[in-house]
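Heads up, the next two complexes both have chain A, just with different partners, chain B and then chain C.
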Partner chain A sequence: MVEWTEFERATIQDIFSKMDYESVGHNALARCLVVYPWTQRYFAKFGNLYNAAAIMGNPLVAAHGAVVLHGLDRAVKNMDNIKATYAELSVLHSEKLHVDPDNFRLLADCLTIVVASKLGTGFTADVQAAFQKFLAVVASALTKQYH
Partner chain B sequence: MVEWSDAERSAISGVWGKVNIDEIGPQTLGRLLIVYPWTQRYFGSFGDLSSAAAILGNPKVAAHGKVVLGALGKAVKDLDNIKATYSSLSQLHCEKLNVDPDNFRLLADCLTIVVAIKLGAAFSPQVQGTWQKLLAVVVAALSSRYF
Partner chain C sequence: MSLSDKDKSLVKAFWAKVAPKAEIIGHDALYRMLSVYPQTKTYFSHWPDMSSGSAPVKNHGKKIMGGLAEAVAKIDDLVGGLLTLSELHAFQMRVDPANYKILAHCILVVLAVYFPDDLTPEVHLAFEKFLANVALAMSDKYR
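Our next item is the complex of A and B:
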């Protein structure tokens, strides 16, 4: 089981309690689609993803970004049970959505960059380490049910 | 050869113009050593790396961060020749320093986070995409002389 220090728990709760889910979720997913364009293959139904401006302005991207980020809430509220928390979502991503699990890391990286630029100097090295550890655990849990 | 559009060239010099090597270099290397602690193995001669505070206050870490970021400047000044620019540094990292090339990507990730903190909203998705492309090309060049 993953061990969390007091500092790590407090850091994660703090970041998410202040988070603007709609804005950060939108920003993170949009960046993923812009910076790693192959990820667009999972969102063919979203309409115009033709260039960065189209992606940033696409309301389906914005809505889905918020959905994904609210999905992270479950881990934030359940840090001692993240693996079990995402068992169903892992099956969904593997068997229905067929998402290459490498992409979880890419989205996590984009989310880290958005949070870093929002928090500025408040995103210290220790905070970065805690946040990246949290996202790595989430990514691992989402990959767990893949064959 | 890598193709750079005018927009990409301009975005890169825009970002680089805001990068103060003396400030960004030490932060980047410091974060690498804190967030990915196994990288400390390459810096056995640097003295006290026993905590985040020690790493961030360590003068050898700061000095070496500046060296690394200064070397990145070579790529920025000569975007059309990055592979040749880093040929001898690649051999050095492989044959003398024995650095696992996976670590180049980790350092690049830390640098991107530090730049995102510095630039805030100016680090738009398009700029991020271009910046990460530059770092990916540099990482590939540094890995190119490995067997």
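Our next item is the complex of A and C:
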């Protein structure tokens, strides 16, 4: 069972309640595809990913970024039960999508950078710690059903 | 993942923009590392004060950014250029190389905080590669 402090709970709710899911999702996924190009292996059907401009402008990337962020929302709303909440999604990522779980960490890092750039100095060390802990719990839950 | 000419020019251009804020960045990145990754405090147990704004954190943040400035200047030969620093970190300080990745991430977060529009995905890619290569150069003499 993950223990959350009041500060951590409040911080996560605060960040996500103010977030533009579409914009942040788009930017985080596109950044991940640019900064860690091997992640493009999962998006062969997305068409033009030839360079950073193409990736940033690709509507399929934007749409999928939003899907991922809305998926994160489930954890935001069920912070005390993230493992169970993601059991099905974990099976999906393992059995159907065959995603190497290390990619969850890479996407999490990109998401952290995007949120840091939106919040500026409001993204203090304590806020960063809470946000990264949350993403680590999500990544762990998504990896749980891999075998 | 070696640095291309494009990477090097992106790094140099970005560094020119961020250098004026080097002290703030260095302090913030180091404080974040100590606070978000408390295991890194083990290397600084001799510091009387590790709080935000404290003298040891400020001074050491400045030193780190000075080292990075040197790395930017010697970007064409990081292993040779950072030889003395590598020996220091390898033989005297014995910093576990995994920590360079942690510090690099904290530096990138601080750069995102202060230069959100300049840290485009392409600049992020180039700068992260640069920090990874600095980490490799720093670990070069370990064994």
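One rule holds in what follows: the second predicted complex is superposed on the first by the 147 of 147 C-alpha atoms of A that agree within 3 Å, B and C clash if a C-alpha of one lies under 4 Å from a C-alpha of the other, contacts with A are read in each partner's own complex, and residues count from 1 in each chain.
The criterion applied here is as follows: a contact is a pair of C-beta atoms (placed from the backbone, for glycine too) under 8 Å apart; a residue touches a chain by one contact, two chains touch by 3 or more.
Bear in mind the structure is a predicted one, so any value in this text is a computation, not a measurement.
> Chain A superposed: clash or fit between chain B and chain C?
Here chain B and chain C cannot both sit on chain A without a clash.
> A:Asp100 contacts which: chain B (first), chain C (second), both, neither?
neither
> If we overlay the two complexes on their shared chain A, which of chain B and chain C does A:Gln132 touch? Say first, second, both or neither.
Both chain B and chain C are touched by A:Gln132.
> Should A:Asp14 be classified as contacting the first partner (chain B), the second (chain C), both, or neither?
After superposing on A, A:Asp14 lies clear of both chain B and chain C.
> Could you tell me if A:Ser117 is touching chain B, chain C, both of them or neither one (first, second, both, neither)?
both
> Between chain B and chain C, which residues of chain A are contacted by each of them?
On chain A, the residues that contact chain B in one structure and chain C in the other are 30-31, 34-35, 52, 55-56, 109, 112-114, 116-117, 119-121, 123, 125-126, 128-129, 132.
> Could you pull out which chain A residues touch chain B in their complex?
Residues of chain A touching chain B: 27, 30-31, 34-35, 52, 55-56, 109, 112-114, 116-117, 119-121, 123-126, 128-129, 132.
> Of all residues in chain B, which touch chain A in the complex?
Interface residues on chain B, with respect to chain A: 27, 30-31, 34-35, 52, 55-56, 109, 112-113, 116-117, 119-121, 123-126, 128-129, 132.
> Within their complex, state which residues of chain C touch chain A.
Counting only chain C, the residues touching chain A are 31-32, 35-36, 52, 105, 108-109, 112-114, 116, 119-122, 124-125, 128.
> State the interface residues of chain A toward chain C in the complex, per the touch definition above.
Its residues touching chain C are 30-31, 34-35, 52, 55-56, 109, 112-114, 116-121, 123, 125-126, 128-129, 132.
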